[in-house]
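Structures incoming, each one as structure tokens.
Two complexes are shown next, each including subunit A; its partner changes from subunit B in the first to subunit C in the second.
So, the complex of A and B:
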């Protein structure tokens, strides 16, 4: 039950005051009375009546001044003031309203009109109260929401930006609130020293668009660090998004696997606009087309992880963009569009400035800020110019035994579908002494495995890869032969032994192929710089020892390490 | 934005007509167009002749319709696609999920 309306009557004539108090009181309202303006504001301050009936002319302080003060005290709350007046000149009446009066009532008083005015003013008062209440509620909600977004963004930034977007071969442009546009940019070094890059764009805006970004980033970083391949990571991301996102929410994405050693890039594009590979030498521009449905739509059984492979040279650049770039609008509502973008490419003379030129063209086009743009440039650099990234591994804190050996044989059916490298790497990284050389180990394992599989088991000829066309041919053939593989094997034999206070790891890789002329191969690699053959050279540089069986069917590499020096904090703990 | 739907005489097919911008603003209307009908059609047709614009939320809505119509078994045709609309559908490779004409 709301308290009854409380009305203050300020009137200097006792007779009029009594009369009004009686009329108002009979309507069921609570009545307060004051004999002049000063008394009125004191009572107002103490009792906070809902409404005031105010005589204009009173001793000590007149109604105009009292009205002004009461309005000031009331602040945002509406306290209607009805002036009681025998004045009739319009100027005097206007003065009542100027002072903050809401209405007036002419003397002598008419009971019916007085009551009607009180009711009308009460409605107005309640309306104002409701508006204020709702305004405050909205403000609170909004503040709450912004706060939640800040927290979400802070958490997300920790996850999403744990990668290497700041690597010297990457430039990017992204709105700080991209997360809530559903845009996502991830980059991470692989254990082999190569790099995975992902540009994603979730459907919709706001929280629903942001929600899928977190699991996607986790899968991307977790699997990249463990040495999983592009196809495996895409598969897992797709399966995960499909499982957790509602139907109708999905993620358009491009993912790159850049290998600085092999100088190739693998590209998978599902639903984003064409990206571009731009050659440094020729200026040639190769579109990286979307050939797949976005992530999170198809069941795993239908998901297509086929990607394209392009050879790259130092200084070649890849540009990836979200549809926000093409849909950037100018004031006339016109879109920036593909044609204008390609115009910027065509006009470019210094490749190094291209990224900046695209940025300039976009901001010149849109005029004022309307920032929903994600753009990233990734270039191929010499490996030596890039920082070396530490591997991420979970440490059980226990020492792993140092004296064991283990053998694996992967046969045709397995070779077709399974990448054994992450498992082998995880096993080896249990050995603390090997962790510091994790990326070297991975690179060597990866090179030996692909040699055994491609040249040994499948009999592919690496000399095919001498030019860009042969290169494409090589990978087409690789895919075809792998799909039809029905026999053959690759064996890994890992042997770990203590040696003095240190230890030694030997890895022997053997395949079912016919072998090759080891001597000739070594001579050929010594003499020329091929698109092929980089792999073996690398292995010989990275491993401590490397030798082929005379028949060329198995290779053995060794890594050894001296006695362990405990880091200082460990020694302290032991004392 | 106006979305209407019209079942065929035998009730086997439901045609949904899109007018104007097909984006998130059309979400409820689009759902109503296939949920609030008294027929259980076997096939769906989305007529995009009047659609001036289509964004990624519209693609999401089409997936919702596909889900409603039986997922993998859904028979949905998208007809009268303008070149712009067709381009957006093809970037996302939606021709793998819908018949586009």
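So, the complex of A and C:
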């Protein structure tokens, strides 16, 4: 049971004090008495009564001053003070309130009214105590929540920042707490030296919005590093989010696959606002429209991983934005909107300044800070201008000489749906020495595979890709022929042999196509710089040896390495 | 007797105070003498503010004891002192002294009944 309410009576008239103390005591309360204001504050400090009945006019210290001091001592706690008074002038009553009085009790005393007032004030007092308790509880919960968010953010930053958002061809704008707005920005180099970029926007806010970001980032980085394609990564991200997120939580996203060698970008947009590809030369602005549902909604069987392919030239830029950009509000509640954004594009003269101009337009438009804006610019650079793309391994690999060979034949049904490159690459990267050349290996494998598939098995003519229109036509045709493929094969033969204290890897790739005139092809590639020519030239540059079978149906490349003198303490691949 | 000392108030006090009732009456009498003394003193030194405060406090405790007429005289004293009108004060003080003498007699007889 709670201790009985303790009431201090401060009254200088002994008869009044005695009468009041008796009335209050008879009602079951604990009573303390004081004969003047000074005594009252001393007793208050010592006994901390719950409530005070205070006479206004008293010797030594009057009730007004005593009330002020008691309110000060009580702090946030409500200690109701009821002034005992026969004062009638409103000025004097106002003075009681100014001093912190909560109510009045007129003389002569009335027992019923006195008890009612004490009860009312006690309710108020307990209400205030509850409010304070709940406020403190909320403050503690909030502190707890913020702490959890700090931890979550620290863990997430470790995952998210393992990417290459700081690459020289990327500029971005993102709040440090974007994670808790559901915004997500990821970028990573592929083993081939190209780049994957993802801008995502989860539904909701706070931790629920942030929770899906982890698995998404893990899939993005893990699969990108292993050489998986855009479509495969999207498919896996969608399946994973669909599996783990509750209904109604999903992720609007744009993903880019940028290839600096082939000078193309693949774009998949599910639910985010239009992104833009802006040509350096013509200033042409191509919208990158959303053509899909966001990630995490559809079952794998219905998920559509079709993407668009655009050729890019050095200096062409891609802008991706979250809907926070378009929904940025000014003080009048008006949205920034697409029209204003396009206005900024149109007004731009120096492409280099466009990103800054968008940023300026946004901050000029909004009167106050808003932090749910995510904006990223990715431009196509010459590959030489980009840093080496590091491949990161979690184990240390086999470091003794290996001696094996293996052959694969991938036939039509498999070629339609399956990308063998990540598997082949993982097999080869078990070899310590090959890890150092992981990017080169991947690039060469990817080139040989796409040559065998596109020109050998499917018979596509690479000269189509001479201009932008032919380029689009080429990829349309590629998609159509692949979908209808019913025979043909691509074979890989990998042969690994010790050679002295070092070793040698031979890769032979063979296809079911009719073969091609090797000599003519090589001559043509040496002299021209069109879109189709880069691949084979690159393979010849990267491999230690490279030769074609006379019938043009198979190609053999070799990588060899000398004895290792000191164990590599650096596991990063160096081209 | 009712205008000097309200019997219904006394009945209420007796009910509230029970055994302490005679002590309350004694306390009122001795306290009232102190307060009359304070009123006289304030008047002698022409301290209107002190007189006003003393009259105000005395008015309160008279009210609590049901001394209706005395409380009314205190109210008039308080009013005059506040207004700075010192002329009626001697007559009012005199009346208050006489009224208190009556009340003292009444209370003492009340006191006898509850010995």
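Convention: the second predicted complex is superposed on the first by the 517 of 575 C-alpha atoms of A that agree within 3 Å, B and C clash if a C-alpha of one lies under 4 Å from a C-alpha of the other, contacts with A are read in each partner's own complex, and residues count from 1 in each chain.
Note that a residue touches a chain if its C-beta (ideal position, glycine included) is under 8 Å from a C-beta of that chain, and two chains touch if they have at least 3 such contacts.
Computed from a predicted structure; not experimentally measured.
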Between subunit B (first) and subunit C (second), which does A:109 come into contact with in this model arrangement: first, second, both, or neither?
second
Scan A:247 for contacts with subunit B and subunit C and give back first, second, both or neither.
first
Return first, second, both or neither, reflecting whether A:57 touches subunit B, subunit C, both chains, or no partner chain.
second
First, second, both or neither for A:220, with subunit B first and subunit C second
neither
Name the contact category of A:86: first (subunit B only), second (subunit C only), both, or neither.
second
Touching A:271 in the superposition: subunit B (first), subunit C (second), both, neither?
first
Which parts of subunit A are touched by subunit B and by subunit C alike?
none
In the complex with subunit B, residue positions of subunit A that touch it:
201, 203-205, 247-250, 252, 270-273, 290-294, 297, 323
Residue ranges of subunit A touching subunit C (in the complex, touch as defined)
12-16, 18-19, 22-23, 26, 57, 84-87, 107-109, 111
Listed in rising order, subunit B residues that touch subunit A in their complex are 24, 56-57, 59-61, 63-64, 66-67, 91-94, 96-97
Per the touch rule above, subunit C residues touching subunit A in the complex are 9, 12-13, 16-17, 20, 23-24, 27-28, 30-32, 53, 56-57, 59-61, 63-66
